[in-house]
Amino acid sequence: MAEHIVESIYRFLPEIALTVTLVAAIVADLILKERNRNVAWVVLGGLAVTAVLVLRQIGWSESIFSDMIAVDPFAVFFKVVLLVAGLFIVLFSMKSRELEHNATRIGEYYMLLTGVIFGMFLMVGATNLLLMYLAFELTSISSYVLAGFTKSLRKSAEASMKYIIFGAISSGFLIYGISLLVGITGATDIYGVRDALQGGVEQQMALHIATIMIIVGFSYKITVVPFHFWAPDVYHGAPVTITTFLATASKIAGFAMMIRFFKISYVESGSVVASGSWELVEGVQWNVILAILAALTIMAANLMALWQENIKRLLAFSSIAHAGFILMGLVLLSDEGISAMMIYMAIYLFMNMGAFYVVMLVSNKLDTEWISDYEGLGHRSPFLGVAMAIFLVALAGFPPTAGFIAKVYIFGATINAGWIWLVAVAGLATVISLYYYVRVVRNMFLVDPAESDGPVILDSGSMTILVLLLIPVLLLGVYFSPIVEWAKHSVTMFGM
Amino acid sequence: MVFPEWLAEPGLNHFLVVSAILFSLGLLAVISRRNIIMVLMGIELILNSANLNFVAFSRYGALSLEGHMIALFVIIIAAAEAAIALAIALNIYNRFGSVDVEQISELKE
Amino acid sequence: MGMDSLILFSLFALFLPLAGFVVLIFFGNRLPREGDWVATGAVAVSFVLSLIIMFSKLATPDSVTATWAWVQMGNVPVLGGLTIELGILIDNLSSIMLVVVTLISLLVHVYSMGYMQGDSRYGRYFAYLGFFTFSMLGIVITHNLLMMYMFWELVGLSSYLLIGHYYEKKSASNAAIKAFVVNRIGDAGMFIGIMILFVHFATFSFDAIFGAVAAGDLPFASQAWLTAAGVLIFCGAIGKSAQFPLHVWLPDAMEGPTPVSALIHAATMVAAGVFLVARMFPILTADALLVIAYIGAATALLAATVAITQYDIKKVLAWSTISQLGYMILALGVGAYAAGFMHLVTHAAFKAGLFLGSGAVIYAMHAALHKQHDHQTDAQDIRNMGGLRGKMPVTYWTFLIFTLAISGIPLTSGFLSKDEILAGTLAFSTLNGHFLLPLTAFLVAGMTAFYMFRLVILTFHGKPSDKDRLSIIREAPGVMTVPLIVLATLSLFFFYSFNPLGASSGWLYQALERPASVVPEAIGPIAASVLYQAVSSVHTLVMILSIVIAVSGLAFAWLVYEKRSISADKMAAAMGPLYRGSYNKWYFDEMYQAVIVNGTLALTHISNWFDNRIIDGIVNGAATVTQGISKISGWIDYMFIDGLVNFLANFTGAIGMRLRKIQTGKVQNYLVFAVFGFLVIVFFFMAI
Amino acid sequence: MEFQIFGIGILTWIVFLPIVGMLIVLLLPNEQKNAIRWTAATVTGLQLVLAVVVTMIFDRTALGINDSNSFQFVEQFRWIVVEAVPWVGKIEIMYFMGIDGLSVLMVLLTALISVIGVISSWNIEKMVKGYFALYLLLVTGMMGVFVALDFFLFFIFWEVMLLPMYFLIGIWGGARREYAAIKFFIYTFVGGVLMLLVMLALYFSVAYTNEAGEQIHTFNLLHMMNAANYVEGSILYGLDTTWRYVAWLALFISFAIKVPLFPFHTWLPDAHVEAPTPISVILAGVLLKLGTYGMLRVLFPILPDATIFFMYLMASLGMISIIYGALCAMAQQDFKKLIAYSSISHMGIVMLGMAALNTQGTVGAVLQMFNHGTITAMLFLIVGVLYDRTSKRGVYDFGGIANQMPKYTGIAMVAMFAALGLPGLSGFVSELFSFLGAFDSFRWITIISVTGIVLTAAYILWTVQRVFLGSLSDVHKTLPDLTGRELLMFIPLAIIVIFLGVYPAPAIELMNASLSHLVDFVNGGMP
């Protein structure tokens, strides 16, 4: 037992590192002068260390703390993605004028950020229903605070309120569902649950309700229609940096947890490794629900995005739509689908962050979030304009950008699994999505700027960050075998 | 005094039914009440209905002590959530001068 | 002389005019006299060459062909390997035609030097003449349908360019377009006919196709398709030779300079249709020939009736041309091959002469009017002429000869050919009782004599419409009169046959013996021998008849217009509607304008409207109505704009709009929706 | 055949030279307008030289189409390789380029039109740098499509063209440029999505077994043309299945939009009218050909069974486009729009010829693609010349130009009559063969289509009359005739048009072998 604990702790180092970072951040915030910068640097350092530790885990496949958490390729993949997200968010935050002006005690902001990341690490690894719930709540609760961190702003306050009410209810659904599931199966870790289900349970009705409630819980996290309502308002109200974080990292973490939960507890063990496709434990056809939800999400989100005037809302809806695209992968019940999802998420991270970062820079310089104010931007700052154009085009899924690859893989997997109607809907939605992405591009380039507004100058730092985001978006578009390889090898979870 | 037959021997289902009712009430409260504090109450109800399940299951169902333990955790979470929620509610009051959920709807469409 | 040199000569004869064209187009302005001598010289040389070719060809019975591969196509399914050849064929037909074309062309070149003096596009004019000659010769000497079609279009182009020579005048450019488009209609039919033959026989060459048909291999193994092919190809002739119902372009074509009318629209190009029919004769079935015959007859009659009432000197000649072409077609249709083609040759001479003569008159009139500073009077209206006889003797006498020829008075070339045609037609009817054909033929013969002399009398005899104008009228210069004299002599009988009363003994008739038909007996035309039998039996009768008719027509005209013993106006009044109909060319133009042209235009507007409103509408979200000349009235527009334009994208957009409203901003509504969703899922799930 | 420069294959040079040019242009300062122009000119010029070289040393006997060994100037190496995992076989995406008789003329055409486009862009003053950068990017995209033999590569080039086109129309276009640009964009994007879906379906259905005996999923077009490579039970497995028909339709629409074929054509008139002259030239000269080329390169040989099944559909659409396009053209008053519609009509002839599925038809079609490219390019340049001088485009705005600008009129006549299908000019030959081929397969459809030549004659001649004939209005008394630069772009095209009209054999020999093979292959229904 003892050495198991020790062993586990050894495997748990990254998370520990994060905790240390958290503490360090608090301390730094207390003692250091001129806090904002320094705390940020401390957190950056901590994240870097964590990254190293995570990279050491590549290839491991263990379950630690008596089946509380799994350290397996799947988890590692997502940890890396989340760390990248975290790093960029911290960098963004250092550049954000919004935070400087409207947020007090910026140190806590970074602390909370670290906390969220920690929670996400748990989410991607958790194999115990209780821990899943705890991780879920840990991220949520700190997110509530972050969303309202610029509390002097009305919109920020409103956002946090909506967020917490909606979030709390959803977590209520989740825990209620879990309670039923746990009760029926008598096991708290998902392996136990699976074994019980494979044995067959009599209370099918209860099982169904439990499943659906859990799906609802997850759906809120990954913004699936009709459980997405909070997202546009919160994304709109929250500080751009946090919006970015919610739109990318927390969504990705949610997906990771969802995938693991369903793949392990609702799928016949041993059915996976052989052929890529899974067989469900008898009874629950949850993937049909997901299919419908995915289609609904894709269509609704794209349609609602059409007329948005505020760029943040636009991107909010676009990110909801993308959640729908990603969800398609889980419907397929195949490792191919999962790997496609992972590829999509990894790429989505970069392009979406890029778009949001441009939005942030624009609101830094011009102090606006209205699409109409983007007119002539391409002429006032060609670099910014081109970068934004590339990110949007990538989001629309044009070659030779990475966004195209993401779509290729998710669509391909869907076709291969024979879900033609689903992919047809997705294709149609893609066309619709072009409208609103291009609208922004049009404003930036096809409209000449007014004489009054001069050129927009970027500082080298922001430029560097933009370039850092552009490189993967373009590079993965023309040479994507690394990411594909990695994803394909990262679908294996402990216990399959 | 004589209990009706179906209440004579309280079992798992009774608790489940009660928790279901609790849950629904909580949901109702959240949806219908204007005052943010009341909404938060509703949330508490929901969480506790879940707790009731856990405890009931570990008393009657296959679940052993884990049930109680989970319930404890949930209570803690609920507390934390409530704390944050109240803070936010306060901030809302400062900004909007009201805690009426209906009126706080500037972000829309 | 050797075959190869024959081919070589014909190639030179063909390409010299083209060379002249190229030179004039690129260097015309730098050359003295804008290079008219270049063009004329080129044509002169090819005329000489043509003469040599003709004589040496007529000496030998067998024809000469030479071919060059143009395009090679690898294994063609259905057809196997395919080579498309260009080639030339020199036989009696083509060699005679060569001479006719080059001769007339040469004369017209010379004449034009006088007539077109001081024209703003003098050089360009000669260039086009050269180009026309080239394309016309191409039609004549080709040995396959493809080249025939290509040059067919090219003569169309040159005719277009020359009719539109005075393109500042709207009427001129309109006429040019009309000519080209109407011809295109015929050509489309011809093209389809060619396709039928090619797709089946995998070759364009006449000999090859005739050979195959002779071997009993019919297109798509059906006689109907063979007939169809024949008739469709004849459509080309209908267009070029201005046969009914496509005759409408030729009168308008008179907008072009008069020499052009003489060359293209009287002597050569319009005869190309006749040439085509003659070429295709072997594969024409009896049915096809019957169609051809009737179309010819109809045309002849129709045109003659119109010619009677026209006052524009060129228009009269134009209609008479149409009528004469109808004659030729009729002749070929009834199988009087030699007669028909011979009439082509003789007609070429005297009709060209008539036009050049009229040109001389117009030239003189213009000069006179110019002196009088009179710009209202129409120089071409015969009512403004009269009494010119004394002032322009050469023109008058030559013109008279031509008129006698066209009316078929003995001792002229016209008599010879026309007499043969009438005989052929009559013989044909005796054999299978299509008596309408000879009837029309004779009728038209009489009318021809009448309206031609009407023309002569009104122009040259009688009292002048304006004394002092007449006093200043001058005879045309030598370059113009010499061609007239040449043509006049060519309109006399001895050039064609030493027997003034019988062409059949003449060299030309001999040279043009009818080719054997290759279609199966059952559907073939009446055998030549049989026909000639009948001809010889009716010949004397016909001769007498035709002379009588011609003379009476002449006499009638004399009575009406010279003696005035019968009032033309009274006659006209008596005729009433007939007169009006004839005067207005039986309203063909109006009819076509109303039905075809306006119909097409309406169609274009409809389709354009359809494009902008419906098709565009269905996909077009930005509801801005694009421009375009839809004449549909406004309110329909609105209905459709509202109804359809906003259809798809606006439709999605609209949904987006509505959907957006869900986002009310009230968190509790959100929750309601969410819970609702949850319940739906639950029920759905319970259902499955 | 191999041909390398500095160890890099000639096709790569041809395709990516413009990209190099683009980078140079981007590095040049904005003010250096002439430097930028000359860079573009040089790059495209070099490209043309290479293209001519390729055409010269091209082996006319090689078959190509589905036979990888007989493609020429082949460049092939693995671009993306994903090793096998238990549940998905090995995956390959090739950088695979090569040309055969089908593509060689198109490569030449693209290079030629690109150069001419640059010349006619010379007097563009607005944002010169951006303009030429986008222009060169566009050229790369077009050229790439014509040489790509891997579906993935093909698709990437296909989509790469979209954005530059969007901006070129949208920024440098006329009054309603935004509308036209977005319309073009959406239309083509729809096509792109459809193509993407079919491409993926094919990709999962096709797997070839390599030397090592492993099953490899691939985008290689040639592998997709081999029935043996279709994985049993995959969606497109077998012949004449419903899914194959669906796939055919989807792919067909995606190409038909580019062609454009009735009823997918309405983006064209707007795009043409609004686009600046050089872009119209590119659009009509090259872009439209991509659609028909794609059908011959991808659609026919990969789905031959469906192709035969849908023969009549294609022919009918071709027929409708011919007649309908001509009718619409007749109704136009805007010179540019008129030509745009005439393009629809002429591309209908291409469609008709292709649908015939025999050598004459196909040869005619491909030749028509080339000829229409040159002829319509000329026509748009002709409009451009007038527009530059008078900034008017209405057919009725002119008249009597013939007296004022003889050189110009001469050139215009050549182009106009070539468009009208006059024998002796290139247009006639290709139309002739297209119709001959079509008549072999569909009698009545062809007979109806032939009536289109009458309509064509009508609207062309009316245009000639309205613009060039008649009397000159005083405002145009001062119009200068063609300048040297303008002659420079017209003369080569005019020469080609006349030469191919008189002696088309050289062009036909280039494609003959490949097209015959293609036809046999398709009629064989994918052995």
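General observations
Per-chain residue numbering starts at 1, and chain names A, B, C and D are given in the order in which the chains are listed.
The criterion applied here is as follows: contacts are C-beta pairs under 8 Å (C-beta built on N, C-alpha and C of every residue); 3 or more make two chains touch, one makes a residue touch a chain.
The model shown is predicted, which means the values in this text are computed figures rather than measured ones.
Listed here as common contacts of chain A and chain D: C.
Counting C-beta pairs in contact, the pair that comes out ahead of the other among A-C and B-C is A-C. Chain centroids computed from C-alpha atoms place D closest to the centre of all protein C-alpha atoms shown. Per-chain Cα centroids separate chain A from chain C by 79 Å. Look at where the CA atoms of chain B average out and do the same for chain C: the two points lie 97 Å apart.
If each chain is reduced to the centroid of its CA atoms, chain C and chain D end up 39 Å from each other. Measuring from the averaged C-alpha position of chain A to that of chain B gives a distance of 28 Å.
In chain B, the positions touching at least two other chains are 27, 30, 39, 101, 104-108.
Residues of chain A in contact with at least two other chains: 161-162, 165, 169, 232-233, 435. Residue numbers of chain D whose C-beta contacts span two or more other chains: 182, 186.
Contacting chain pairs in the structure are A-B, A-C, A-D, B-C, C-D. For chain D in complex with chain C, the touching residues are 176, 179, 182-183, 186-187, 263, 265-266, 269-270, 324, 327-328, 330-334, 358-360, 363, 400, 402, 410, 417, 422-424, 428-429, 432, 435-436, 439-440, 446-447, 450-451, 453-455, 457-458, 461-462, 465, 469-471, 503-505, 508-509, 512-513, 516, 519-520, 523.
Residues 273-277, 334-336, 393, 398-400, 404, 407-408, 411-412, 415-416, 418, 423-424, 427, 430-431, 434-435, 438, 442, 445-446, 479-481, 484-485, 488-489 of chain A touch chain D in their complex. Contact residues of chain B toward chain C in the complex are 27, 30-32, 39, 101-102, 104-109. Of all residues in chain B, those touching chain A in their complex are 23, 26-27, 30, 36, 39-40, 43, 46-47, 49-51, 53-54, 56-57, 61-63, 66-67, 69-70, 73-74, 77, 80-81, 84-85, 88-89, 91-92, 94-96, 101, 104-108. Of all the residues in chain C, the ones that touch chain B in their complex are 660-661, 663-668, 671-672, 675.
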